Amino acid sequence: MSNPLRVTVWSEFRHEKLNPKVAEIYPTGIHGAIAEFLGRDEHLAVGTATLDEREHGLTDDVLAATDVLLWWGHMAHGEVSDEVVAKVQRRVLEGMGLIVLHSAHYSKIFQRLMGTTCSLKWREATDKERLWNIAPSHPITAGLGEYFELPREEMYGEPFGIPEPDQLLFISWFTGGEVFRSGATWQRGHGRVFYFRPGHETYPTYHDANIQRILTNAVHWARPTVRMADECPNTPPLEPLPEA
Amino acid sequence: MSNPLRVTVWSEFRHEKLNPKVAEIYPTGIHGAIAEFLGRDEHLAVGTATLDEREHGLTDDVLAATDVLLWWGHMAHGEVSDEVVAKVQRRVLEGMGLIVLHSAHYSKIFQRLMGTTCSLKWREATDKERLWNIAPSHPITAGLGEYFELPREEMYGEPFGIPEPDQLLFISWFTGGEVFRSGATWQRGHGRVFYFRPGHETYPTYHDANIQRILTNAVHWARPTVRMADECPNTPPLEPLPEA
Amino acid sequence: MSNPLRVTVWSEFRHEKLNPKVAEIYPTGIHGAIAEFLGRDEHLAVGTATLDEREHGLTDDVLAATDVLLWWGHMAHGEVSDEVVAKVQRRVLEGMGLIVLHSAHYSKIFQRLMGTTCSLKWREATDKERLWNIAPSHPITAGLGEYFELPREEMYGEPFGIPEPDQLLFISWFTGGEVFRSGATWQRGHGRVFYFRPGHETYPTYHDANIQRILTNAVHWARPTVRMADECPNTPPLEPLPEA
Amino acid sequence: MSNPLRVTVWSEFRHEKLNPKVAEIYPTGIHGAIAEFLGRDEHLAVGTATLDEREHGLTDDVLAATDVLLWWGHMAHGEVSDEVVAKVQRRVLEGMGLIVLHSAHYSKIFQRLMGTTCSLKWREATDKERLWNIAPSHPITAGLGEYFELPREEMYGEPFGIPEPDQLLFISWFTGGEVFRSGATWQRGHGRVFYFRPGHETYPTYHDANIQRILTNAVHWARPTVRMADECPNTPPLEPLPEA
């Protein structure tokens, strides 16, 4: 327990440069805001990486030194290089935790790990979102009540094009009449994956105390237990084979 | 029930050309052997496609007219074009059934749909495989007994790098001391996926009556219920939104 | 396909006798209304059974001749004999399909098959329920649109004390602010189980066309593939045992 | 982390009194042997309980003070009172971990939580069991290799009458030709359940280092996160209801 968990917060960091409203809410970027509150947990060592850095900030060294990666993307999924995506996928399968945020439902890395479209309904209009905690004994929901509300968020609605989750943690209610599986987990290889819906760039979602608690919980939950690269070995028999 | 189910059997068709032993067992190719026994079912309309055809025989027209695709590959996974793989994946997510055979555990299409390595242990030495039917009420196991044996097969052993199956149907016992999850199902998008382990090219596995029964059952089980391409629509509210 | 599927609709048949409002909506009982619309499907042979009949109408002969059982109960769960519940459970595990309706979430048979509390939130006040179809390619949702509405229903809310479903089919939105996993499936032994939320006795829910379609679909989906009573047999070895 | 985890090891403690061979292997009982090795972990506070004690040693006070319960039974499942079983089930659903050992696959408590027969094949003849670790990154398998062997055990074979596990951890190979899902997990209510196959009373299985490691890991994995008794509350609306 003495070594801190090494966390990398990845974000596109584009809306913040293009839209003053977003920059006002997140002056150090969405990644900066997330890194700031995660950094308050003394058991976490938090760094950041962004799209426009070399190799999107996710060099082999950075990935090798990352236990849990958070991923926020929206307008530039297509600019993320397939090579980096392949490396991130490999690291997840080796054991790195991955937390996929909001519009990153359509990121290459999430689609690769799920194998599905990851499509959904959406409406870029201010709505109230009420997140129901349907798994109150899961480590990710520790400390939450039965539900909490975000007074201003974008809407995402079902159907959500994902494989049946290992465990469903949150279902969202929207004033506009929709529902959404807004928090869900999957094991992929030796890594744990958590998708969490809220986080539209024009609302102060990552400043919300419940959101911060959930993501901090999720980082701990997603910590690796091993680093293990699966191979496909030719192996000798353990018992005598039948006569040919 | 009047329209037959349209089945396409895809195979690399390389070992058969390079290895006389394989050609002797499968004179019309592995795809030919599979198409032959599936074709005995009057409810199935069966075609074939192979790697060296144009677009690997999987043109847009062929894919659009395929309800269930079977896939056998081994030595040339890397030669399958990424574009064709993307099209096949899209068709599965729209509803087409996919049956993945033996060494196609390492095919691009299976890895894409699973999101994992799909790695395993193997031993290219003749072994006896006993497949235990652990889901005797599943449609794919209809008509089978508690187990059946293949007197000569290649060994595949755990761990198998797949997501937890929706349902596990078969577990194999090998004389050499290994076990394997040799039949398993997953839903991906609107399509059903079945992986089935046996089928090494140097043994007459696809001439075995139990294997033929399972694959015929599986084709019926994997039939599409819809053809539906998920989009990601912007949608108007169904109820009044809160005041901004 | 020539033999019809044998369906038994079980209901408490108490509210109908005690509350004139319920009797007006369901003059032949809730079971009567369900049996009536299922009976319009020529492939179904439908009977009914109720609490106050001998053995609750579920004698050994009736159960042996039932392929799919529907269960509606509410005010008298405690009056259902443990012996009958044990027999019904045994039949489900042998392959009989079971469709659990509305307040039967708290029935002995559902709790027995789930192993959990099956508790939930509720509010006996008229609300509008919108059921989102999150599995549009599942046989139970065939013919439905993206969602449908019940203008007047009782509310059930999360958390719902069930094991993670094999597949989640519907999520409900309520005007009052709640959500609910209102349609879900589980395999138990050789039998298929479907829980479906709507159906409060004071509203004409079972006269709704979408509800009728879903329950008709569900009966077909839940049809048995086998009748198989698991035993726990002592079995001889298939291979030579090691020297003692 | 300062408060130890409170563990209760429950066993029938009958074979040990009736069969000198068993008594020789387990002079303090199977529960005594398990309690002894768990007690070497300084983070665990371990007690025992047995069938012939008052309320089988599982009084309300004992259950309230138990975080994780291990259960070994075989010849006297029928003597366990339904009332105690109901209390244990309630505690699991509230959050208590439960580890079900070997022949306790047929215990009332396991059948209640699974909802199924929990039947299997068996052969009371000495066999070698090789347990394949198919989930090397799960906390329960920490520190194990790819497989380990028990040179002398009873055989259990598929099909095993359980609901599809949340996660399958071990598959066993037996010399006699069978396979078995020998380690599997399920969430039930707020509690975690682990079934682990080995442990026949006439073999020194609980003295094996790998078995001890697995059960110690499992106790930590099964620790409660909450104590929460689900109720079924009538709740007021959070939003205005539609006009009646």
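Labels for the chains are A, B, C and D, by order of writing; each one numbers its residues from 1.
Here is the rule we use: a contact is a pair of C-beta atoms (placed from the backbone, for glycine too) under 8 Å apart; a residue touches a chain by one contact, two chains touch by 3 or more.
A quick map from chain label to UniProt name: A, B, C, D = ThuA domain-containing protein.
Just so you know, these numbers come straight off a predicted model, no measurement behind them.
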Item checked: Chain pair with more C-beta contacts, B-C versus B-D -> B-D
Notebook entry, point to check: Which one of the chains is farthest from subunit C, going by Cα centres?
Noted result: A
Checklist line | Interchain centroid distance [CA atoms averaged], subunit B/subunit D, Å | finding: 37
Note to self: So the centre of each chain is just the mean of its C-alpha atoms; given that, what is the distance between subunit B and subunit C in Å?
What the structure shows: 33
Note to self: Where in subunit D do residues touch at least two different other chains?
What the structure shows: 130, 136, 157, 159, 164, 166-167, 175, 177-178, 187, 238-239
Checklist line | Partner subunit D, residues of subunit A touching it in the complex | finding: 1, 95, 130, 136-139, 142, 166-167, 175, 187, 190, 224-226, 228, 238-239
Notebook entry, point to check: Which residues of subunit B touch subunit D in their complex?
Noted result: 130, 132-136, 146, 157-160, 164, 166-168, 171-174, 177-179, 181
Item checked: Contact set on subunit A toward subunit B in their complex -> 89, 93, 106, 112-117, 119-128, 151, 155, 157, 159, 161, 163-164, 166, 175-178, 186-189, 230-242, 244
